[in-house]
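When the chains are written out, they are named A, B, C and D in that same order, and each has its own residue count from 1.
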Amino acid sequence: MEHLVYPTRGLSEQAFEKHEVLFETWHVKAEYAWDTGVAIGKYLDALKNGRLIGRRCFKCKRVMVPPRMFCEQCFRPTDEWVYVQDTGIVKTFSLCYVRWDMVRLKEPEIPAVIDLDGASKGMGILHKLGEVDPKAVKVGMRVQAVWKPAAERTGSITDIAYFKPIQ
Amino acid sequence: MGLRRVAVVGAGMTKFVRRAQETGRELAWEAVSKALESCEMTLDQIDCVVMGTAPDAFDGVHMKSEWLADGAGAWGKPYMRGYVGGGTGVFAPAQGWYHVASGLFDTCLVVCEEKMSPTQPHPQAAFNSIFDNITERPLGPNLLWIFAIEMNAYMNRYGLKKEDIALVSVKNKRNAADHPASLLGDPNITVQDVLNSEVLAWPVQRLDVSPVTDGAVAIVLAADSVARRVTPKPIWIEGIGWCLDTAYWTNRDLSYPTYVEEAARRAYAMAGIKEPRKEIHIAEPYDPFDYKELHHLEGLMLFDKGQAPEATALGITQRNGDLPVCPSGGLLGVGNPIAAAGLMKIAELFWQLRGEAGKRQVPGNPRRGVAQAWGDLMQVGTVVVMGK
Amino acid sequence: MSLLHTLEHPTDARVWRGNLPLYHRYTAGIAGEKFLRALKDEGKLFGAKCPRCGYVYVPARLYCERDAAHLDDTTWMPVGPEGELVSFTAVYVDLDGHRLEKPQWVGLVRLDGASSVTMHYLGEVKPEALRVGMRVRVVLKPTNERVGSIKDIAYFKPI
Amino acid sequence: MNRTVEIVGVGWSGFRTISPDLSYKEMIFEAATRAYTEAGIDPRNDVQGFVTAAEDYHEGTSIFDEYTPDQLGSALRPMHTITGDGLHALAAAYMKIASGLMDVVVVEAHSKASNILTLDHITAFAEDPTFERPLAINPIALAGLEMQMLLSAGRFTLEQCAQVVVKNKNNALANPAAAHGAAIGRKTVLESQVVASPLTRLMAAPHADGAIVMVLADSDTAKRLKGKPVRIRGIGWANDTPALDSRDWLHAQYARKSAEMAYRVAGIRHPRSEIDFAEVDDTFAYKELQHLEALQLAKPGEAGILTAQGATERDGELPVNPGGGCLGVGSLLDANGLARVLEVVLQLRGEAGARQLKNVKTGLAFTWRGVPTTSGAAVVLSN
């Protein structure tokens, strides 16, 4: 099958830096104002007030975080708002030494999936850990949200600065 | 009331390279011209075209399947792009299957293209915007986060060590040394090399990961009657299946890919496979990260949960083992131009089952293989069973 | 309405602002590289004529979209520099949607020898004299300003 | 195996110029709830496959496929995206059923056009990055160029284009779901600002938000379901080239070939006499005329005359866009094709209210993906 592989031309990064090859650069302007809708709008409002809110489905009894106006398992509208705690356990995590654009970090970011107390089992959210030695992070560790001061909160997932270990 | 039989009758591909000089449209044409050459068909014998390509953010063109259409051979033809993120490359032949099986078409050209190198500041940056726009993206997430998080969940569940997993990277990069399109084949790589490589997002290290790649692959599908005229060795698409789980990925158990199992169950049922471990002779599971091959082998029910690492250690998944896995060299070795990498696995099964894989040929006259891809937010499985 | 709780006041509605923070770097391709180098270095425009169907593509391409034939170097041929105006428009909005004070004139030109057309700016335009079918000529930027881009063509002007 | 496929349920949310009260998920859930209720199905148990039509840059999310399942009830089910028009997604669903692989398939498409702050930039991002996009021209220029070419070729007049706008916006007044109905005359259209000569602002469709969900089933299964089935007699889709340089600017080949395929599958030989009415892409007013000719519903040069004579009005011999089209409903981006199909379905079921056509048995829906594409799809439906 060797003859069925086209001899495609590979380039080095240098070929671009030294302009040995022609290229165009384009910065696309792709800007959005997304309607948050009912569920996520309420979630953001709660965050601004220093609280985490979920939604309960009366049929499967789950308390879901992030909240949603429909139950994706039962396919029906969800029924009521439920505040959940800002404590929980680390379900899984990583120690990430690169930023989203692959710039190297000296100290790792510690993204984790955190199962929140008061939500149904397995209902985790994505956030970051802080005030912790990266080597000490363990699956199953108990953590609590560290909130930004009320005046700095804007109604965003980043109103929680990070989660830190607790006893 | 049987389903119409559909075969793969031709395949071709570009070399997989880190930065192609070719435009995406040219890459698509290169693969198409080789696929047509492989079965001595001309473009006017093609009834319709299916495109598979992952985020527009890579090639840097909105509605990029439209832009790729002429290179893909779609001028004046019915043309459609299916999209399930990283799972696209194995979904595309399934999409081609239903084009032909519907009775609307007798032949279908399936093309998968990916040019990741245009994305700046780094191709990985395209993955920031795969996360939920409101509840996750403000945290500055990157793709490695979820892989690392999932890998950690898998290791933690079964008490696995990095060494157990690095064996996959070593096997695949060694296998790829025999692939003429390969970007990262290395006949001499060792487990120690993997363990010594740069830590990106623990537990993920540099050599656990497949490389950023540009490339394209094309295959030709034909209905039974046409296939037998085109080639004495058609390879049949015996089963297809795909399954997409909830977007709320943090609400799921990440240690086992249930969506892959669901997709596999559908594909096996369609292929009449009752005992996959006995009836499948080659597997090309999706291996963008080394642990993923293990994860997927379990999802494909080819090994019990948590048992794929041991099978790997025992050499069962080597090319000359009981169940050769990724004899192509996989994404880890040949390269990972997302959608094209998935279709490369289909092309590999085509060549293996026809006995045309050259130095990579699996011994023992294999009769049936399975290819699988994965994508989205730890979320979608796509499975194709092929046989002769 | 299918939800059991809805917004009750317009002030309850929220939006979240965001963007896709990427930029891209595009190679011109195998054929594009050669086409743009000839434009930049020699001031020449090249097409490629398909040996199977005879269609002449401008800019020259690597392949024929109609039959997938390879258009190798032997298929390349010079086209232009004059041609026929196939269509034209005066555009009054920029990409931000802002109204332009003076319109931007854009034309489609079939260069002599080409089957295809080329979209580019029109310059030195007397709007009332523009008509489909009129002859136009390519105006290139001066050699020292050319960088190997389609914008090395300054515009087409009526003759 | 070629089974007959029917549309057994439709549901929609919208269409509105803005929709700040609902997220896209909530909007889709609303449309899905209506479609499922109408068909009498439970998506968690009665549906084998799901398809969404969406484009990443319209959503502002890479790999938008991730976010498609939950609001449709398709989590952990065979679901995928078609990055095309909703009518392409309908074709994908059709094939899955026709092949015998699945019995019931759900199709969804939506628009949150109001959420895109830089839509022209994004449309320009679809152009070739080497030879087209660097000119940084607003892509509406492509419509201006095409319209000028057709005008110069004597295919229609400016007045006739304006009449398309008048008709479609007037039709939209009788459609409670349409966002852009208006009672205006040709003069208003012709005197609105020129955006890309000869195209004026009112000749280009404004946008709208909304979601559409349809349930498809094979004819045996359809008999067991609650909905009022409408039969898909033929479906077709096609591309010309993406290149601005080598496309056929005059003849909308994508429309001609889409229709040829749809008619072939439907066994239609004389479209003009066998099709009772049509919902045809009118993203730009002249496009309705160009498309009608490419779809063989009018002879070359005839569409404008028919329009001027009133033949394409609701009470004419060939009603076109009785629901208001893109000009009256609003362009729904990737959902445009399903909006056309929706109107055909409602008309064939006799549920089009004040705009109901009389004695219609067969309708055509045709969609185009807009500039800079040459991608279209057509479907022939009968009751």
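Simple rule for what comes next: a contact is a pair of C-beta atoms (placed from the backbone, for glycine too) under 8 Å apart; a residue touches a chain by one contact, two chains touch by 3 or more.
These numbers come from a predicted model, not from an experiment.
Undergrad: If you take the chains that touch chain A and keep only those that also touch chain B, what is left?
TA: C, D
Undergrad: Out of A-D and C-D, which chain pair has the most contact pairs?
TA: C-D
Undergrad: Measuring centre to centre with C-alpha atoms, which chain is farthest from chain C?
TA: It is A whose centre lies farthest from that of chain C.
Undergrad: Quick one: report the Å distance separating chain A from chain D, using the average Cα coordinate of each chain.
TA: The separation of the two C-alpha centroids amounts to 36 Å.
Undergrad: What's the distance between the Cα centroids of chain C and chain D, rounded to whole Å?
TA: About 28 Å, centre to centre.
Undergrad: Using mean CA coordinates as chain centres, what's the chain B-chain D distance in Å?
TA: Computed value for the inter-centroid distance: 33 Å.
Undergrad: In whole angstrom, what separates the CA-based centres of chain A and chain C?
TA: 41
Undergrad: Taking each residue of chain D in turn, which ones touch at least two of the other chains?
TA: If we look for residues of chain D contacting two or more partner chains, we find 20-21, 26, 29, 57, 60, 62, 69-70, 75, 115, 118, 121-122, 125, 129-130, 134, 241, 243, 246.
Undergrad: What are the residues of chain C that contact at least two other chains?
TA: Counting only residues that touch two or more other chains, chain C contributes 2-3, 6-7, 13, 15-16, 18-20, 22-30, 32-33, 36, 65, 95-96, 149.
Undergrad: Listing for chain A: what residues touch at least two other chains?
TA: 9, 11, 16, 21, 24-26, 28-36, 38, 40, 44, 68-70, 72, 77
Undergrad: Once you draw an edge for every pair of touching chains, what topology comes out, line, ring, star, complete or other?
TA: Drawn as a graph, the chains make a fully connected set, so complete.
Undergrad: Across the complex, what residues on chain D touch chain A?
TA: Per the touch definition, chain D meets chain A at residues 19-27, 29, 36, 42-44, 57, 60, 69-71, 73, 75, 112, 114-118, 121-122, 125, 129-130, 133-134.
Undergrad: State the interface residues of chain B toward chain C in the complex, per the touch definition above.
TA: 19-23, 25-26, 29, 32-33, 36, 42-44, 57, 60, 70-71, 73, 75-76, 117-121, 125-126, 128-129, 133-134, 137
Undergrad: Give every residue of chain A touching chain D within the complex, in rising order.
TA: On the chain A side, the touching residues are 24, 26, 28-40, 68-70, 72-75, 77.
Undergrad: So in the complex, which bits of chain D are touching chain B?
TA: 1-2, 55-57, 60-63, 65-70, 74-84, 88, 91-92, 94-96, 98-101, 122-123, 125-130, 236-243, 246, 253, 257, 261, 265, 369, 372-375
Undergrad: In the complex formed with chain D, which residues of chain C make contact?
TA: For this pair, the touching residues of chain C are 1-3, 6-7, 10, 13, 15, 18-20, 24, 26, 28-29, 32, 36, 55, 57-59, 65, 86-97, 99, 103-104, 106-108, 115-121, 131-133, 149-151.
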